[in-house]
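Note that subunit A is present in both complexes that follow, paired respectively with subunit B and with subunit C.
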Partner chain A sequence: MATEVTPEPTDEVLTRLQERFPGAVEAAPEPYEGLIVARDHLVDVATFLRDEMGYAYLSDVVGVDYPEEVNGLPPRFEVVYHLFRPVGGPLTLHVHADRENPVVPSLVPVFPSANFQEREAWDLVGIRFEGHPDLRRILLWDGFDGHPLRKDWHEVYYEEEKKPFGSRWPEGHPVMAESRTPLGRNLRYPPGWSPEDWRPTTDPWGYRPHDEVAEQKNPAMPVDRVVLNMGPHHPSTHGVLRLLATLEGERIQKLEPMLGFLHRCHEKIGERNTWLGNIPYTDRLDYVCSMTNNWPYVLAVEKLMGVEVPERAEYIRVIMGEFTRFLNHAVSVGFMCNDLGIYFTVMLYALEEREFILDLFEMTAGSRMMCNYMRFGGVAHDMTEEAVALARELAFERLPRFIDKVDAYLTENEIFRARTVGVGVLPPEQAVAYGCTGPLLRGSGVPYDIRRADPYSIYDEFDFEIITAPDGDVYSRYLVRLGEMRESLRILQQALNRLPDGPVMAGKKKATVKVPPGESYGRIEAPKGELGFYIVSDGSPNPYRYHIRAPSFVNLGVMGELCRGHLIADVVIILASIDITLGEVDR
Partner chain B sequence: MYASLHLVKSLGITFRRFVETYVDDLRWFFKGGFGARYRPDTLPIRQSPTKSRGIFTVQYPAERLPLPERFRGFPFLIEEEGKLRCTACGTCARVCPPQCIWIVRASDPETGKPLREPAEFYIDISICMQCGFCAEFCPFDAIKMGHEIEIAAFDREKDLLLDLERLRKPLSYHAQIHPTEYAAEQEKKQARAAARARK
Partner chain C sequence: MPTRKRQLPEIPPELVGTVHVTPLDRIYNWARKRSLWPMFFGLACCAFEMVGTFAARFDPSRFGMEIMRASPRQADLLIVNGTVTKKMAPQVIRLYNQLPEPKYVLAMGACAISGGPFKEGYNVVSGIDKFIPVDVYIPGCPPRPEALMHGFLTIHARMERESVRDLRWYRKGEEVDTSVPVPELGPDLVDWRLAEQIEALQQPATDNQQPAE
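Presenting the complex of A and B:
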């Protein structure tokens, strides 16, 4: 069952690219990985890679600011792309841009998945993408001054560049946070900008009067075009998400998610934190499954550090990861029913199961939701015997019964089927082009699971199936989630039966870790899809660049396509079937 | 009407749970008299993954779930025999991700040399993210995560900025909430003392 993993493909790709585009591509110098592509050839190279080399999947677009010479390369702006084939590790493309006027050609025509991520790179780093259909800010608003992830950007009451701040010890006097950044004065507008004259440009049709929008009438069938704002506070959006829908009659013509209401510039915080200090912050990304948020981050850092994780720690990570997948899918199915109007019944039963899993997390890691459990080279604490006993009870007895119950009552339920079958159909080509991952992609019949395609940890030792469903509608995604819960339990049962003894940390726990210079991309199959961390180290105690490829954020990019032609009531259920967490979308 | 069968089936789940709660009440009544289901000693059974029957809810704040030993509440400083274990080395202040720990190192009033104890110690628990790094990386086992969770207060500066007096907790408190950890600590201490005696 386990697929052969292809060897490091970069050399082969480099030879073929150099044949085709002489002088446009070169290998990135140490300690960087992958290739450096000339700006002018980027679109051609990407098209060639997609069509002839099988790199059909652009997972990640990152903008990085290098104002000074770092790791031996000159000052520049850089855009880093991570491309994947159906099997194997990443192909990393670096594109350099000028310091004065950073412009890079847009990859949206080749990979639609670049749309949101290029907007994010423009918003936060200030790299302009030429040819992008809609290059607006995505997470911040118009009245925001500058691009926060540039290294020379400082907030208004700027304290220090890097943590730990020196004011805390040995002469530390407490200052309350609100007196350090007084409300009302901790805000800076762009020069010449005033909130009074502001007309939102990021929002072309959101705030216009109704008759201005409604003027275009269809002569054959006189219906008004109506703009409908759902959110940011709407019970169905699972947080603070605003959906801007243009309706023609009752059908949705265009729908656009507006993001950023929960934006806290996690990546800037991450660059100031120490390597270790970032682990608890990752918990706050997808707050439903914090265990799987720690994992790709420690994976990425471990890759750079070259640490071997002890076997017991790997098993514990798998156990925690699969329990997290189970709880995420259970809650997701529950909330989906909530959005369908089955108020709280399914959800509360799902939360009951989740309660036991959270008990297990609390017993092992010390906290229910903000677990902060994984460390570089292992996990923070060993699982006690009591915890293993509870895990066994859950994996072998309690949770299988829950899935059977859900299966028996929901799968064939006529009302459930009437609302979900044929709604929000995502064809497989579109799913891949938009960079969808997780149950959303597998619900379209694409058997892509990172646990198999690019195995991390010890997943190659377990026997499990990749669940797919062919139709690509909401019902298929539900079936995939249900099947994945069963497979998770299969993995859990194998892992608990084989759980070895031994240490759970490689070496001693250290407060300051030494991370050698370089870049690394760690990714796992999180319950919602591919969760990736791109980190750049310059050898200092803080990350130089810390970027998160959040599955919810990228999956949300296809939302507009999925909803076209559907009713508002279907939008709610389509959104629920994508399964987003706003903590991760807005970061 | 085509949906009626599954409607009835699904409503049956809720109804079954409803009836089960009363049946369970009765079972406990025959075992222990009126209201026996809601006595504190039955809580582990009601909350067990395999034995629980009927309603699952805990009637907080009338009853509370026990906190596991490793639970991370807010940090406190251990005072042993009238003296703090803390040596003001600053590890916790440096490892704290939100940087909510401030320490002033004490100095000898006569010579002015820094001493191995804190003169002042502040933790702003309104910022503390309960990650537990301070306790995890403290080289002297001086700071531990307590089990307090109900910290609602009216004034942030007065009530949530903890100073040395409020952070100080006796060793017995640590022994009470962290029994396994305390036992392991004592064992290590005895082994070390025995090794020293052998020399």
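Presenting the complex of A and C:
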């Protein structure tokens, strides 16, 4: 499965690893990519890769369930890791675990970015990570019955393994899902479970670790510690995020994001859907920028299918992607000002520009927010001349004025600087260790942008700069966003000037696609960071495994570190500067 | 409730143009429908479209509702804008219970109505009306801002039909409790109103269990 974005680093890595750890590493058999690492050597191999081979960046941890023997490999649970160097494609590591008692050593001591992702794999697939400091459920709650992403776990409204469901229209009449369950609800309880006798013994809301911290007194400071709960309904948590903090006075002692309040079972639904049927679902991940959500998914599937995308379609994708980046950053700056107390002033200007960009999306894709625009091998509709004219007006005239306005009023603003400079400092080493991407990473001075590091689509043809800011504080991230908006407009101007004619779709539009067996990881530089889709195909019309590496989710992992010692009032600004969307965090 | 047609009193000729006589219901409804305060509450994608609705282009302050309050105690319209998950449902219901009367609920988007595209998900509530009474449903995924504003106008029309005399929150003496029991997180979401049914299901070996693992 060597593709053009994997310039054969795997062979070189394999040779060196086999020298160093004889018998621990082997190449994965066709159609899988990368290497199979023996469980006992995983931590050593990962440390070696990080320290001596330059794979400093663990991007993605996925748990996969293979209940049956496939491709000559026994029934197993598998954990798949994607590691990256500063330049180039992924190194894929596979680690196998038994089906009866799936245990894999934890990589948190080597890569702190594995923390949330291993918790997710434990929660949804039920793989235990030995040595993980805090292996609790993350998206569901403590006490939930089962691990839903196992292939033999069925949801309450289960109909069939794969869509389209034959049961959906028996005799031409739709049957409500509710009428097929005894309670008429999406509810199910274990056999013999009775609400009368039930006493909660678990800790579904996660207070226990905080109560323990709150009980320890600081001998130097004779004050009580307070556990403070923020959210999930809070105007500054950008959705349904819940932050649980232990305070000493007004200073944060321990803070952790509690997730899962918008866990919509995206991956389970995605594995029942057809390949094409997943595109509209990806729109709803990061609902601020739907266009860039389609992109890595179609990229991953195109890699497996081996389709070439026509040039005009690539240009249109870049145009839509960069408008989305502008939209996201504009709204993000607006939200940050909201949280600073500039309530809805900057936001109103940002939303005004948003409406114009959404007009363009509606003109091209037919929908304002949920565009469902990209397809395998192109885009769904061509851009009309009218749409191109609007895009030109926005990219050349209207949007530059917006940036200048924001720049003039905020960048040197004394109050704005007083609240943001030096707050939430993220050192570059920590940013890399925690797997941060996007403006959060570049705000710490690391010039890592996938558009340059591992170019996809036609980004190698454009002239643009990677914006970084050195300080790693909230203000730096604001400067990076502002600079990136300007660079986006530069790319847009070049793309609109050079937009070629031609088809926008390779081949005919098809309702079903044939995806050859194999695995693939597609990633792009989404506005919030690295958005990656890991897909496994078994050759059927539905994905076998469909996993999303969401930038907001991984970036949130560093939130607790960033807030420690800060005032409670700074927490909302730090959160705003990370820039999350809950649809993507919880999936 | 149909009100009897009443003869309005005559206005003395010298006061015509200065004094207006109108039924109490009409002025009461006129006043409160122009000061509907929605709660600043976001669940999912629809929340962002709601924020867009409350911005410059669509401008709902034309209907007297530009103020959004994050506290349920200061709001009277709950816009359920997005997928209600099992983990979030207790919070939504608690917020509903905290809204002061008179309160209205608007289910915005397919997810809040029925679970929408995510209905089959194991962590998704099939519509918020399984728990709290909903006044207006606005379909769409997400609904356009125009559709949301149509929802506001529909609530206005509903308010027009209400009368001070038969609204439960003005009744003296009798305490009307409209709050909904807050569900808890057990092996699944535990809705206490279903306790008897769950109990009944568990008596024989039931077929509502998941297939053997």
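We take it that the second predicted complex is superposed on the first by the 530 of 587 C-alpha atoms of A that agree within 3 Å, B and C clash if a C-alpha of one lies under 4 Å from a C-alpha of the other, contacts with A are read in each partner's own complex, and residues count from 1 in each chain.
Keep in mind that, in the parts below, a contact is a pair of C-beta atoms (placed from the backbone, for glycine too) under 8 Å apart; a residue touches a chain by one contact, two chains touch by 3 or more.
Quantities reported herein were computed from a predicted structural model and do not represent experimental measurements.
Ranked by how many residues of subunit A each touches, subunit B and subunit C are led by C.
After overlaying the two complexes on the shared chain, residue contacts for A:Y157 are found with subunit C alone; subunit B is out of touch. Of the two partner chains, neither subunit B nor subunit C is touched by A:V103. Once the two complexes are overlaid on the shared chain, A:D145 sits against subunit C while remaining clear of subunit B. Applying the stated contact rule after C-alpha superposition, one finds that A:P280 touches each of subunit B and subunit C.
Contact with subunit B, but none with subunit C, is seen for A:I415 once the two complexes are overlaid on the shared chain. Shared-chain residue A:A389: touches no atom of subunit B or subunit C.
In the superposed model, A:L228 lies in contact with neither subunit B nor subunit C. Looking at the shared chain after the overlay, A:E352 reaches both subunit B and subunit C.
Overlap of the subunit B and subunit C interfaces on subunit A comprises residues 177-178, 280-281, 352, 355, 370. Of all residues in subunit B, those touching subunit A in their complex are 2-3, 5-7, 9-10, 13-14, 49-50, 56, 67-68, 70-72, 88, 90-91, 93-97, 99, 101-105, 114, 120, 122, 124, 126-127, 129-133, 136-137, 145, 156-157, 161. Across the complex, subunit B is touched by residues 163-165, 167-174, 176-178, 273-274, 276-281, 342, 345, 349, 352, 355-356, 359, 362-367, 370, 372, 380-381, 390, 393-394, 397-398, 405, 409, 412-415, 418, 509, 511 of subunit A.
Contact residues on subunit A toward subunit C in their complex (touch as defined above): 139-141, 143-146, 148, 150, 152-159, 177-178, 181-183, 185-196, 198, 200, 204-205, 232-235, 238-240, 260-266, 268-269, 272, 280-281, 284, 287-288, 347-348, 351-352, 354-355, 358, 368-370, 582-583, 586. Across the interface of their complex, subunit A is touched by residues 40-45, 47-49, 51-52, 55-57, 70, 82-83, 85-88, 91, 95, 115, 117-126, 130, 141-142, 144, 184-192, 194-195, 197-199, 201-202, 205-211, 213 of subunit C.
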